[in-house]
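Before any comments, here is the structure.
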């Protein structure tokens, strides 16, 4: 199993979610993070203009079976790319074990509902 | 060292926390995430009924020594299981190094306070 | 590539950020988490005094090339240490692959902007 | 308010008048303050019912439509509305920079303040229907024109003594004259600008929940409170037994209709969508308030309850109809609350008025006149608004770019985020 | 208010009366508006002092208890309270659908509006004590009965001219008649429904902090503002020198007692729990307001400060006592604020009243009468409430299921979340 | 207000007076309630414009400065301000525990309530400038002294009939007497306590955005609403034609100046910083309100618009100047809004007063007197404040420790967090 962590634009979240569902990836978790990077937003607060390099983003955490890794990454890139600085990153790491709390199932089994 | 990431129901958090403490797991971090999965909540907003598959959940991140892995996973499953769809998942991955910022201690040492 | 996850005091965040920038680490993501540990804050709510072991903290997630691991960890420890209980932890794990969404670049390339 | 100028038998009129005027004056002033306080009510409702990323924009436009409205209406709008009729009652004779120290039933300056806060109410309603996608400049421009022309002209036809008032059109405190005018301009705007991105996907309406319904609830309670000034203040007097009974009556029926609206919307939504909905119940209270506004002086308490109940149910249907059938995207429900329920309440005066309503044996005459008024004013406001928004659209000052809409207007238009 | 019907020597009474009535009328109307505005005060306090997941539910029940209360009280409750005494002063003779255009010291319709907002205050207090675990239907049902029967009946005993008023019981603006009645019904409810899940673990009280104390603070300030209407409006007149002094006096002592309550609660909590607590200081201000309400007309400014200080300290002890000793779970402290401090303030009228209080040489008579009133009304409200809640419990319409309570009432009962 | 004691030709004066007094009395009372309601306005503005972690602290100090102020001012402060002049008009003769049932143009107790809420306004302004780093005790101590001494003494010089009032200094509702006094004490405090940690890094000002500008916006709207009581209530009468025109005039110009301030700040900020800023526009409205307060009775509507526009632009420059040039850290902009714009508005009375302003041919005399007043009061408030804060600093009761400031005052000083 692999964990895919994708840090994307907030405004692209709905597109990414829909694309993932179309790809058959129905399970994941996400939360809001703040990204520090080259993309900057300019703000003014009470007369002090400032550049902020911290931008609100969405972090997606998706654990997939190895065979789904490739297509999931492709789906995310496709849906979240604008071509402008600040599109975000995707990181892949290894997951050693997985459990479905409801049933106690382990491993790949726990990742999808067998029909 | 292993990292245990558990995505559980918000309403089960207190039980899980207490059970972890009983198990001797006193250190962890958690934050709120939104889960996408098979569990759905139905909502109505101003007359538009909609199913949301996005549900508020709590993500726990617990780094434990290898010997504690098993009992920690068992404790979480025990405390957070309701048997209904939406109970969540537990993922285990490998941690290569760990530091206690206060003392600079490294490795397993950094994970508990030796008495 | 390595992932560095640092859980630090909220009040130390600005110092850590600045130190990271000085060290040349310009990209990372962070979010607020709640930490459970030995550090406790005492609260009173409507006459019920209670100790909370849950404290607001900031989680930093930084993916770096292997060669930058050491200096990044050092920078974080330096900037976030107060010497009192509750300074936090740093965890290092392995990242197998990385993508820059904007360009599709992979691996180490995707982590910095080549000048 | 004749009773403030006539006096009781055998009593020196000057004395009576002097104090009667003082009483009228503080009544109308306090009412004006209450109506001004409706501004944060609108601000909270609109901000609460929309998304976090556009909150600064919405608060800003609320602050600005009130401020610009207050200035423009004082500079000239008031005179267009209340100046002597010219062109056969179509418009008032304009003059600039009102500064009269005269006294009628109360001070002239009390009058302009009271009328100003009404004008600003009309202006602020517009923007709710167009929230989350409109350029900030566009808000500034249409606030300017609404308080300069659109509202004063139809206002002149009625309260200004123009042709509709001569016809006998009854709209006591402005269900149509204030609320619907704002809503029909907003309708023109919502149609012209189109729905928010992501509101209709594959032809189906998508729910875009407001980011803070507690803020919305506070806003509705504030509006309810301010509405006592809106309606009972519109009696424009408090001295003498006639006024005494009238303002009490108006305040009572206002409260009953609001309560009816909230209860009906709650029950109707619970029945229709299986659950009692906070957002619709809040809108229901407003629907009851808007609907009773036209006839608060001539509708009995029982009639007010019925009108409130009907308006609350109508509101639910109307929101659904605009949102899901017509696919006109009105994030805060302004068109349904102020437009549909305003027109509905104005028509019902012809039915429930104890003076000449259908149910009280008055026949269809008044109902007909009410319909004429609703249509004439509706047409004026809608087409004037349409023209304005078409021009804004043609000059590309109406809608923000896709990128800005996606990322939120706050950061791009104002460089500020509300929550930090 | 006799002075509005008598006149100054040699002056035609009709003239005086006409304007005096107008003055009284606008005073009581403005006061009614202010008391209505206490509704968002309660809504913000209750929502702020409870958890995020139940916010829609709390806002909804505030909107609905006011709306239902306004309707029921108009339909019949008002007449049960103020109708001619029947059964020896136990209850007023009921009639339906109030619609009088009469004028007494002010318009009759002003009176029903003013009384309505008081009735709704009693109803809304109940729900605070039962927040976060009560079915929405249950709120609707008990709001109905509180404004239909429970509040009107004990109200008749006192303000309605019934047996307690004949005995000489003094409760000027309703420390007991309004606030305690709500609180004792709430006490019955809190006992019947039991504590929230997780409130008592191994017999120890657990802190469940409110989700937004800023909202709570806003609510308290709004209540403080509205309380000027509640107390000074209860003079039911403003014309003539007697009323002039009275309303000024009432407003002043109301403010002083509130200030005393806040300061005492802050100091006492700082002393007892080591830190000055915002949540308790806010409740302390309310405690001072509730406590002075009974004697605002007859207590000197110095007495008001003392009462406020005592109430503020008492509040802290009472919250602790109910929460930790009696283990009755009252999430917003309604029982302590409105019940205990209301009873306390009512009793202290017998001590601090400049007319006949113990400290002013009036002996124990008045104190005894106060005690009878507090007990009689308390017993009525508590047992009537208990009966009501036992029936609701028996029919399984009182408490939500464990699952719903855990996950939050908003999503399950209303299908809506407040924060998105 | 002479017209309440004189009467119209041939009419028995007792009758007229009795009702005229009643009218004055309810006017001033309602105004006092509105001014009291400015307290949550300040609380919301200050809490919204600062960081989450200090919100309980800010709400708490707002609650407490009002509560302590109300008590102290009643105990003795009022008499120091309004007692008979002693020491040649420097101070009023103090007495304790005000409790007069007398009636002048309105009830004496109405007067102390009205004056109390003004005193509390001055006290609450101070704390805004010192937010996010001041010990809670320090707030309690300086609230005590501001309402005990600092505000009453300069208040005596002017409204109390002391030397400045004899000189002819004009400050109708307190641009200088209330607002600037608070601001100059706050300036002394902000200088003494120093900037927040992280506010100036390498000599450059850092933006520390407020945590909830929606809360701030609500606060500004509440203040705008309350300001009608502040200014129009300061006429201290409503009966008779002179008062009738005056209060209408005052309310109108108050609204126009606020609108002007908001528009000017918005445009000026848009021009200067490229984007229309919500936070500055909100402050701009307040700037317009503060600036018109001194001359609300003698400035024509056109003059009020000009003053508002100038104040709005000045505000933007002033915030920048204090923040970036002088490096005085005033988190909510209190010094600029209340101090600079207050002084500016007071001076402009000498220019725009229709009675004796420069523009109306009155020459420089009044302007000179205004300058004397602004300077004298400014010097008094600043140096008295400086002394107070130096003592607090020396006794280490002024500033919280670095650790507490970093982690937030809420948890450490109050043991409570606002958002849970």
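Quick notes
Every chain is named by a letter (A, B, C, D, E and F) in the order it is written, and numbering of its residues begins at 1.
Everything that follows uses one rule, which is that a contact is a pair of C-beta atoms (placed from the backbone, for glycine too) under 8 Å apart; a residue touches a chain by one contact, two chains touch by 3 or more.
The structure displayed is predicted, hence computed values, not measured ones.
Shared contact partners of chain B and chain C are A, E.
Here the chain-to-chain distance from chain A to chain B, counted in touching steps, is 1. Ranking C-F and A-F by contacting C-beta pairs places A-F first.
Rounded to whole angstrom, the centroid-to-centroid distance between chain B and chain E, based on C-alpha atoms, equals 45 Å. The distance from the centre of chain A to the centre of chain C, with each centre set as the mean of the Cα atoms, comes to 19 Å. Per-chain CA centroids place chain C at a distance of 51 Å from chain E.
Put simply, the C-alpha centre of chain D and that of chain E have 33 angstrom between them.
Multi-chain contact residues of chain E, defined as those touching 2 or more other chains: 15, 19, 23, 26, 30, 209-210, 212, 218, 273-275, 277, 279, 415-417. Residue positions of chain A touching 2 or more other chains: 31, 43-45, 49, 93-94.
Contact between chains, per the stated criterion, is found for A-B, A-C, A-D, A-F, B-C, B-D, B-E, C-E, C-F, D-E, D-F, E-F. Interface residues of chain D, counted against chain F in their complex, comprise 12, 14-15, 18-19, 21-23, 25-26, 29-30, 32-33, 36-37, 39-40, 43-44, 47, 55-56, 59-60, 62-64, 66-68, 70-71, 74, 97-99, 101, 103, 106-110, 112-113, 116, 136, 212, 215, 413-420. Per the touch definition, chain A reaches chain B in the complex via residues 1, 3, 17, 26-31, 61, 63, 93-102, 104, 110, 113.
Chain F contributes residues 205-210, 269, 272-275, 277, 279-280, 283, 316, 319-320, 323-324, 333 to its touches with chain A in the complex. Within the complex formed with chain E, the chain C residues making contact are 43-50. Put simply, chain D touches chain E in their complex at residues 7-11, 15-16, 19-20, 23, 26-27, 30, 34, 51, 209-214, 217-218, 220-222, 224-225, 228-229, 232, 238-241, 243-245, 247-249, 251-252, 255-256, 258-260, 262-263, 266, 273-279, 281-282, 285, 300-302, 305.
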